[in-house]
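The chains carry the letters A, B, C, D and E, assigned in the order they are written, with residues numbered from 1 in each.
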Amino acid sequence: MNDLSAGVMAAFGLIFNLDHNLVEISLRSLAVTFSAIAIASLIGLPFGAWLAVTRFRYRRVTIAILNALMGLPPVVVGLVLYVLLSRSGPFGVLNLLFTPTAMIIAQTILILPIVASLAHQALRELWFQYHDLLISINTSKWQRMGALLLDGRRSLLTAVLTGFGRGIGEIGAIMIVGGNIDHLTRVLTTAIALEVSKGNFPLAIGLGIVLILLAILINIAIHILSRTEREGTW
Amino acid sequence: MVTSILPLKLEEATVRKGGSRILGPLDLTLDGEGCTILLGPNGAGKTTLLRLLHGLDRTSGGQARWATPREEAYLRQSFVFQSPVVMRRSVRDNIAYPLLVRGVGRKEARERAVEWIAHVGLAGADDKPAQILSGGEKQKLAIARALIIKPEVLFLDEPAANLDGTSTRDIEALILRAARAGTRIVMATHNFGQARRLADDILFIYRGRIHERGPAKEFFAGPETKEAETFIKGDLLL
Amino acid sequence: ADDIKMAVTTSFHNSGLADVLLPAAKKDLNLDIYLLIVGTGQALKLGRQGDVDAVLVHARAAEEKFLAGGYATHRREIMYNDFVLIGPKNDPAGIAKAKSAIEAFTDIEKSKSIFVSRGDDSGTNKKELLIWKKAGLDPKKFVGNWYRASGSGMGATLNTGVGMNGYVFTDRASWLNFKNKGDMKLLYAGDPLLFNQYAFLPINSAKYPQVKSDLTKKLEDWLCSPKVQKMIGEYEIAGQQLFTPNAKPK
Amino acid sequence: MNDLSAGVMAAFGLIFNLDHNLVEISLRSLAVTFSAIAIASLIGLPFGAWLAVTRFRYRRVTIAILNALMGLPPVVVGLVLYVLLSRSGPFGVLNLLFTPTAMIIAQTILILPIVASLAHQALRELWFQYHDLLISINTSKWQRMGALLLDGRRSLLTAVLTGFGRGIGEIGAIMIVGGNIDHLTRVLTTAIALEVSKGNFPLAIGLGIVLILLAILINIAIHILSRTEREGTW
Amino acid sequence: MVTSILPLKLEEATVRKGGSRILGPLDLTLDGEGCTILLGPNGAGKTTLLRLLHGLDRTSGGQARWATPREEAYLRQSFVFQSPVVMRRSVRDNIAYPLLVRGVGRKEARERAVEWIAHVGLAGADDKPAQILSGGEKQKLAIARALIIKPEVLFLDEPAANLDGTSTRDIEALILRAARAGTRIVMATHNFGQARRLADDILFIYRGRIHERGPAKEFFAGPETKEAETFIKGDLLL
């Protein structure tokens, strides 16, 4: 219990002193996860829309697999990526291992199925409403996807935010491909793991509190900016 | 329009849903000009027939063929649904959308949408989100959205069900004007007065079949089948 | 069967010795030993919290502090092995020819070759920092990007080292048992400074009554028994002996 | 690359020999995550429904926080739980630390916000349709929630499956409160982490493949059983 | 029913939405028996008024009060929406639902639902998922669901808009029977024939206000206001 209160104190200490290290790793955390979520949204949202408007033979299986991929174990993703990016691997020449880029790639892989699957789920309901109309207007598949993405943008927010949450709290994959190297690839979660392994629980909990506060702040900010749940929307 | 997309031919067309045949088999040729009205009891299959003609429902047997390739044909027809579907956009953007889909620039599409907003009597609602419109107003929006592309064939499924007298008259005028300008009209309604005012010929649908077909005057004067007679009486008794 | 929980360091577990000792303990003592494989700091923390019955670690100074806090009843040395320096086969810093550990470290610093440190305050990390200190160098002041503190366990640090083709300071057991050796090999070993003592610390049941003191006593006696000490001495990987038993009989 | 193919081989080897250890830790993985998802669903689905049907002052903030909690960093959850369950913590007497029960608690905490938040998102659309009708029929709040949960059960599936995915692939929290003890608390993900730390990549990748296959199988099975996406549903 | 939930009194009631006043301020007392019909152009505020009376929309100013506590009052009234809302259940379960909500056992509720399915002419559709019903069929379902609780007050928003002649007559008969059994009916329609057949008195809604109110006979014989006259003419001109 002392560790918990000490953790809260540590969090306050870190925040109020704007601890130099804390700022650095927090910014790196945000940079990595924002990049990953941007890429994942760019691919995942249209894919989700595509899945919503397209009927094909193996659709159910595809959706089931996509759902399953939401649970991709981070350690495995990190490991496979490590093997691919390592000097002796096929992409070794790119020299990406132990760089933030590798971490972004890892998180993108983890987040993408989440964004795509939740986007599909959100747009399915809208497609159910729009189906007849959009077919009647003789829209192309691209136009249908566009209409869904545009008119359903509010409900896509949850998909993106879920992906963000998954990314910012993730550790298994980025630990392996990033290496948790000080001043290079250390982010909030890997720093926490390090403090845990040192037995320095108060600091670890303190960093954890900072991480959670950061996530909550960003969520509230985005909700306010996008005005979801405004009384007027329904 | 170089070649007409008509005639549309149904041959032994049937539609099955949920395991049972809800329409057909039926043969039907749709060509020429004018206004065909679909009459028939609730659940007879009017909506299903309209959807089949428009390509929203597929034949489970037999076939439906336009004079031109599908692509071409579907670009030049519109549909007004029984319960209006509106997109989560402003009234203007709803009406402009079919033009955008057909490659018209955003600015021009919006301008033409504004004209149509006036035609159907929604003036002033341009920027309202379409979802908040009243039932009748949504119906008007749907009609504007259907007419804005100047379709060669226009399908309407009880478009005036929720309209007041004046609006009904206005919309009927729009439909008649389109018909006179060469648009082929196919419309389902339960309003006999409306059917009398608009119909050139009547398709009487009964239990998923075309039970009787004929010029409007003759149909109302005295239908050939007993079922149609009972149906007309049902309305007269009101 | 009885069971106890013991926190051990990753380097001990990576050696594979546990896979030999655990079944033997089960057979001899009818005792299930549940191992918690964590960093040295975390292992001692688990002990301080009373969540394990004993710890087996290799960080002398930290152990003394632990004892002084009254968390363990005593400290019993069991065995030792040694630390080694591994690195790329072409050995850019030329440490293979070094005459002492200090010289090897100095060579690496001079050539600015990549060096991946645990950087996690573990026993291994503390020993590494001690050697830098003895060499008159301070990693905090290193310029350039060659000294990289990976902040992770032994296995993860080795993986990182292999991935970067850099030097890594590790214990012999972890290295011999490590599968992802890549283009790396053992380059320097043998300095007495690299001596790595493992000690067993049973948690004080006066502090935590739930601690199974009778069982830890039984286990300690068993570990220090001639038979088990011999087993430890005979444990080999690839023909190399890993540990030297050195428990003093009571 | 060799590691990858070796990993695939290892996976086949493990599966075809029905490796005794593999079966044990797979079953434990499933038992832990199924328990956690069951508890999380029992709480999270009704809570999501409640959020959908209730308008209160701090609703937006609550939703934003719930979204943020989807990204609860597992390590932090594990750590806090450890401090609470530790012998010197307030719940030490329960002796739950390093037991599967502790792992179930940890996963439940991680999964709960996901299930609740996605359930809310799925039911919001349905509530939009049902709103007028259910108010008109004079349903109580409980009846509204019941109607949404019953009629929206298909779309709740994604919420539950997302939670399942998060749980089965999770490692940060269960590592700390479970301890990865052989034959007691070792599950697939912690076994993978252990093999990674041994540098035994083929076996780690092999176990990872088993884990992913398991997740896909379960997803497909559930999709088939629940007949989502049947042509008839829309 | 021990005490009646009527009269319902509106005092200076207004409804604002999206920043503008769309209804009121208006005073209205609803009591006694019989059938009040709301007439008025599209977008006049009929739906809004019905929703306000039923408690679906809140007053933004003024108040609406029942004779009994809210709780009590809301248990004993029903509403049939302009575009029917159906639950994702079978037809039978849709109709039985209000009974379940009121604590009737599942078995009895289902049995009574089956009776009502017959009353509204949906026989045979018991087990169909409600979503696949045709427009008119959904409307019938909604009416059965409203009547099954034998409400003391029944609000209907254009309930026959999508019904054929026979169905309209059947539904009107059900409404009249309910009225005769003591149910207070308040209904919006655009169908003048229907208004004439059912109405005891007329509320003419215009631009969010009750523009005119009076017994049906007098209203149709010659309304007092110019707007109502124009409105009636609009229909006659059809």
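The working rule: contacts are C-beta pairs under 8 Å (C-beta built on N, C-alpha and C of every residue); 3 or more make two chains touch, one makes a residue touch a chain.
Computed from a predicted structure; not experimentally measured.
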Required steps from chain C to chain E (each step between touching chains, minimum): 2
Chains touching both chain A and chain E: B, D
Centroid comparison with chain E (C-alpha atoms), farthest chain: C
Between A-C and D-E, the pair joined by more C-beta contacts: A-C
Rounded Å distance, chain C centre to chain D centre (Cα mean): 35
Geometric centre distance via CA averages, chain E-chain B, whole Å: 28
Where chain A and chain B are represented by their mean Cα positions, the distance between them in whole Å: 47
Between chain A and chain D, centroid-to-centroid distance (C-alpha), Å: 17
For chain B, residues contacting two or more additional chains: 18
Sites on chain D at which at least two other chains make contact: 3, 89, 196, 201, 232
In chain C, residues with contacts to at least two other chains: 153, 156, 159, 162
Chains grouped in pairs wherever the two touch, ordered by label: A-B, A-C, A-D, B-E, C-D, D-E
Residues on chain D engaged by chain A in the complex (per definition of touch): 1, 3-4, 59-61, 63-65, 67-76, 79-80, 82-84, 89-90, 114, 117-118, 121-122, 124-125, 128, 131, 155, 158, 161-162, 164-169, 171-172, 176, 188-189, 192-193, 196, 201, 204-205, 208-209, 211-212, 215-216, 218-220, 222-224, 228-229, 234
Chain D-facing residues of chain E, complex: 51, 54-56, 74-75, 78-79, 81, 85, 87-89, 97-98, 101, 129
Residue ranges of chain D touching chain C (in the complex, touch as defined): 3, 86-89, 92, 95, 97-98, 179-184, 194, 196-202
Contacting residues of chain D [partner chain E, same complex]: 129-130, 132-133, 135-140, 143, 147, 151-152, 232
Touching residues (chain side chain C, partner chain D) in the complex: 5, 10, 14, 22, 32, 34-37, 49-51, 153-156, 158-159, 162, 177-181, 208, 210
